[in-house]
Amino acid sequence: MRPSKRAADEMRAVSFERNVARYAEGSCLIKFGETHVLCTASLEDKPPMWLRGQGRGWVTAEYAMLPRATQTRTRREVTSGKQSGRTQEIQRLIGRSLRAVVDLQMLGERQITLDCDVLQADGGTRTASITGAWVALHDCLKWMRSRSIIRDMPLKDHVAAISCGIANGEAVIDLDYVEDSAAQTDANFVLTGKGNIVEVQATAEGAPFDEQQLQQMMALAKQGIGKLVDMQKQTVA
Amino acid sequence: MRPSKRAADEMRAVSFERNVARYAEGSCLIKFGETHVLCTASLEDKPPMWLRGQGRGWVTAEYAMLPRATQTRTRREVTSGKQSGRTQEIQRLIGRSLRAVVDLQMLGERQITLDCDVLQADGGTRTASITGAWVALHDCLKWMRSRSIIRDMPLKDHVAAISCGIANGEAVIDLDYVEDSAAQTDANFVLTGKGNIVEVQATAEGAPFDEQQLQQMMALAKQGIGKLVDMQKQTVA
Amino acid sequence: MRPSKRAADEMRAVSFERNVARYAEGSCLIKFGETHVLCTASLEDKPPMWLRGQGRGWVTAEYAMLPRATQTRTRREVTSGKQSGRTQEIQRLIGRSLRAVVDLQMLGERQITLDCDVLQADGGTRTASITGAWVALHDCLKWMRSRSIIRDMPLKDHVAAISCGIANGEAVIDLDYVEDSAAQTDANFVLTGKGNIVEVQATAEGAPFDEQQLQQMMALAKQGIGKLVDMQKQTVA
Amino acid sequence: MRPSKRAADEMRAVSFERNVARYAEGSCLIKFGETHVLCTASLEDKPPMWLRGQGRGWVTAEYAMLPRATQTRTRREVTSGKQSGRTQEIQRLIGRSLRAVVDLQMLGERQITLDCDVLQADGGTRTASITGAWVALHDCLKWMRSRSIIRDMPLKDHVAAISCGIANGEAVIDLDYVEDSAAQTDANFVLTGKGNIVEVQATAEGAPFDEQQLQQMMALAKQGIGKLVDMQKQTVA
Amino acid sequence: MRPSKRAADEMRAVSFERNVARYAEGSCLIKFGETHVLCTASLEDKPPMWLRGQGRGWVTAEYAMLPRATQTRTRREVTSGKQSGRTQEIQRLIGRSLRAVVDLQMLGERQITLDCDVLQADGGTRTASITGAWVALHDCLKWMRSRSIIRDMPLKDHVAAISCGIANGEAVIDLDYVEDSAAQTDANFVLTGKGNIVEVQATAEGAPFDEQQLQQMMALAKQGIGKLVDMQKQTVA
Amino acid sequence: MRPSKRAADEMRAVSFERNVARYAEGSCLIKFGETHVLCTASLEDKPPMWLRGQGRGWVTAEYAMLPRATQTRTRREVTSGKQSGRTQEIQRLIGRSLRAVVDLQMLGERQITLDCDVLQADGGTRTASITGAWVALHDCLKWMRSRSIIRDMPLKDHVAAISCGIANGEAVIDLDYVEDSAAQTDANFVLTGKGNIVEVQATAEGAPFDEQQLQQMMALAKQGIGKLVDMQKQTVA
């Protein structure tokens, strides 16, 4: 039995709320149970320095947690003067995931920054960030098209993400903080709307796992991400 | 006529929402019109290093803005490795303001950190922060008393704050971003529930102002803060 | 009775010494009793990056204390890699105060940096800095005019500053370190030669104060700053 | 045809050289073709601060590249004052991989740091680092046992790593820099001597990939890591 | 002919002023012509962390220049977040030079910090710093003895320093900024009162120099430092 | 008797290995006994920013030690966010030494960076770095000439360096770590192929030394550097 009484393949209640940030070109407050992430998309009319003059754009992401998103207060990263390795890993993952479904040529010499700020954290913040950031990005691109900044939507597909794990020897989906802390294996899957793989990261926290367990987690992820993509579709419909 | 069509002594719509952060000992989402600040109070069971062994506690504050709280995206402070002078001024002001109404002896050897994170910014973020942080602090202290960590409430009075300015030669209250940008004088008042002064900061942005104008702004502030204190009372009732 | 035996409205002995820094375009060693600040004005022939091409100039300030300006040695800020919040507040205040009396259009696309380095600190370093920096700035502008870099003096008025406080329930002027440490309220006033207000900052260190006390401090400040402005006039005559 | 003319399942020439660092408790210079990494193991007789008093030890890793390990000179990270996100990701991966095969209880309250310094870089530096660090770690533990610091070897298994990718639509193993730059998918596998999974990271650089391709890469990795583990056995025999 | 019209073996006018910093345990304002350095000695009643419990004390130094000590304004080091290599070299040299004449055992578990702050810079700031710091250190130790913190003076000898150079092919002493900028060779000598060598640093700025030139500079330095030591004796007499 | 049983004028076994870094324009692995330094020369086709447009080039150096080059592990400098004073002193010395024998005019608007990375440290790392860097620089310049980037070799002479010291009252050459730690005086000499002086640094670690001892060390250094220059000649022949 999972700590949350959920079935092995049962995700937490998921909700998307669009247009939550008055000034952003696109925004989405996504909730995976008690994990709440505010995703905003900000358009800048020039690409990063290293990409100037190549006719292509860029999509990047930044990730942070409010100090009291967590059970006990976490020190702000600015106080230590730099982002932790964990923060950098996560924001690099979010950026890569979104870029996988954007046609950077069609975007033109512009940059979109996806800020994923965790208001409340109960496990799965990076997968919620990717899933919510897609909506913010979509709305930003729509905003751009409505102003004729771009002619067509440079969005090739949906992208969404979910965590899986091996807990008590069984593959489970969408772990909350308590379950995640005790799991033997921690995995994150990022898939497209068509079900292709953008990123797989699976890590043994305790004992190494076997290939069959990886496949079980992959199966759960496919199913769960399918549902998330359906919800994205309804949200932006 | 003010850009917002408000009368000179008319504040924006103000609202307080308590218990918005699941894990914090006290929290309040305060809104002054389109300015939204999430205030949380976090209890730590020891005071800062420099105060150890003196039988007293401490109340401190940290302030930050989400990157897309603003009209155009603002760089995260962690990227430049340090807090700006503006951020430090504001968080020092919030901390001083709250400490003015707390009996640090009664608090005992503990520290409460008030995190004021601006989700959306339309002028007056520091005064909204102080006003909302008082509610978060109140609820944190009540939480402590309900668990017998403290016997009595170490809160001596209310504290709330409002901005005033001289715009088009006239004293006005609670300026939004547009009005603030054009104002000749920018002032912040922090008063207690009894109407005493905790802090006055008045700055000529353009031409210097005179004593009479300072008194006009003070009168507006007294009236406005009176209303804010009434709302605090209703909120925590 | 004040610790220094001075009357409530009696400032410490104040002196100005011009041309103390051989290489600076303007300089002044100002003393408020045992508080000694070396102020220099440095001209740069282009404005800061963000102001380029707008036909206006800029006046800015930096503030620091020698490590042994104080009773016990203070760590250099460079050792911790950044300026403290206090330092930033003070230098922003000095910059704002001086800009309030300069016509930045007349200055043209140039920048003047006022460095206020505290050689010895006995309270009131920020007010001494502002008062002395005005002389350094004046002499820098005169130097510029004498070399036909500018045609007319872009200095609209004098500006000077003094601290006041409530000590033992009574409003007093120009507090030294001992008195300041024990005062209930700490205030700084920056006024122009004409007696208008550039900046008022009043903070309750202990109990909140009332409006009448603010007015008493304001009255003391007006009188004191009047004397400081007279001394500035004699100094640059 | 691969740029290196190798078959799809053919790794580069791999060599291990032990005892290359005179002062380290264990060391190994590992070469995967033109990728050369110097791995050292350093014993410290206390665990990191956050683990004190828990009766367990810790294994951690640091990773860096010499400035001219690369085709064009890379700026030292110390010049920008912090490690890049990439460096932090890699050293966290190396540490996790080695900890997966160490009994931290048996290690006792000590820390072993594995430094992986890339002398020459031609792709696959992180997988070479993990594979070589195992030898340095083994030799460090043997050194400890020979001095009776520990009674038994706390090493539960081998661990080794290899990169795979999808290049020209085909799964290939152990990509060099040229092949890696052009590959559609980049994956790293960390497996134990028994063939279990410690970590899988697979990222679509261009088009997303499918589950079958993931399995093809996994099959290549299993075979390749089997050979690396055999070489580790011969090296420490 | 030297730019300053001085003879090859002629130093600039040198003066020492004691007790210039009200709060420091020892202080000296030293002038070598237009080079002015304020040296203070600060006593701390414990040694640096790494020396605790060894029964010995420590003498260290810090060096800085006011921003407008120089012909054109120099950026404060705190703005870039760290001391330059030049600053670190100089303060390490000052510390080593003073430690060479102090009996650290007799000093006991204490630390004396010598702050050398350059108020005005016209070449030779490091040699003026060493020479003036000796006086500040002497007075600090005397202060300690007068309060019975130490029984005997732990000062074994005088120490003073002077720069020499090869300018227009000729060895010259005590170069000012103009001469130093054009010199082929730049050398600094630190000698004790008995004429022994504490430090020699000689650097070819342009063409390498020969041993004979080194000896000529050494001869000049011996003579000059002899005079400086005589002045130190008169100053502290 | 020296700890290493060597005669007072006997250097350790010295070896040079060229072309050790596949991608660098020039490289040399130099060994002074157990001190091993990897020196690479990297060509950049523009000079540093401050030298642009002056028709001259620049030669600079960076120095670092691998964490386990030393007897006990040394923290990486990047972890503390900045280079130590020692590192900066050393790399400034290496850069100055090499520039002394390069015609920067002939080099043209380019920069060569000499990276000296200490793989193993047993005293004398800075002198080994200078001596080995000369070979790397020579090979880089030859590489440039062979590609007609320059017409003639801008190398005016050899440069090499050796340490000397006073140990047990006697002048000795090329101290290893053990001898260096106990020596009373530590000196480094940098001479050209013609025997002229580029840099002399002599420091009393304990008791000050006299002029005769300086001359004895200089004599040893001349002889030793003569041998090093001969070896450089054979290496690049």
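Observations on the model:
All chains are identified by letter, namely A, B, C, D, E and F, in their written order; residue positions are counted from 1 within each chain.
Going forward, contacts are C-beta pairs under 8 Å (C-beta built on N, C-alpha and C of every residue); 3 or more make two chains touch, one makes a residue touch a chain.
No experiment lies behind these values; they were computed from the predicted model shown.
Chain pair B-C has a twin interface among D-F, A-B or A-D; that twin, with over half of the contact pairs alike by residue number, is A-D.
Annotation: 28 Å between the Cα-based centres of chain E and chain F.
Chain C and chain F, compared by their mean Cα positions, are separated by 51 Å. Chain B and chain F have centres, each the mean of its CA atoms, that are 59 Å apart. Each of residues 81-83 in chain A touches at least two other chains.
Starting at chain A and stepping first to chain B, the touching chains follow one another round the ring as A, B, C, E, F, D.
Of all residues in chain D, those touching chain F in their complex are 21-24, 27, 34, 38, 40, 42, 44, 62, 64, 66-73, 76-78, 81-83, 113, 115, 117, 119-120. The part of chain B that touches chain C in the complex is made up of residues 82-83, 85, 88-89, 91-92, 96, 100, 157, 191-192, 194-204, 207-211, 213-214, 218.
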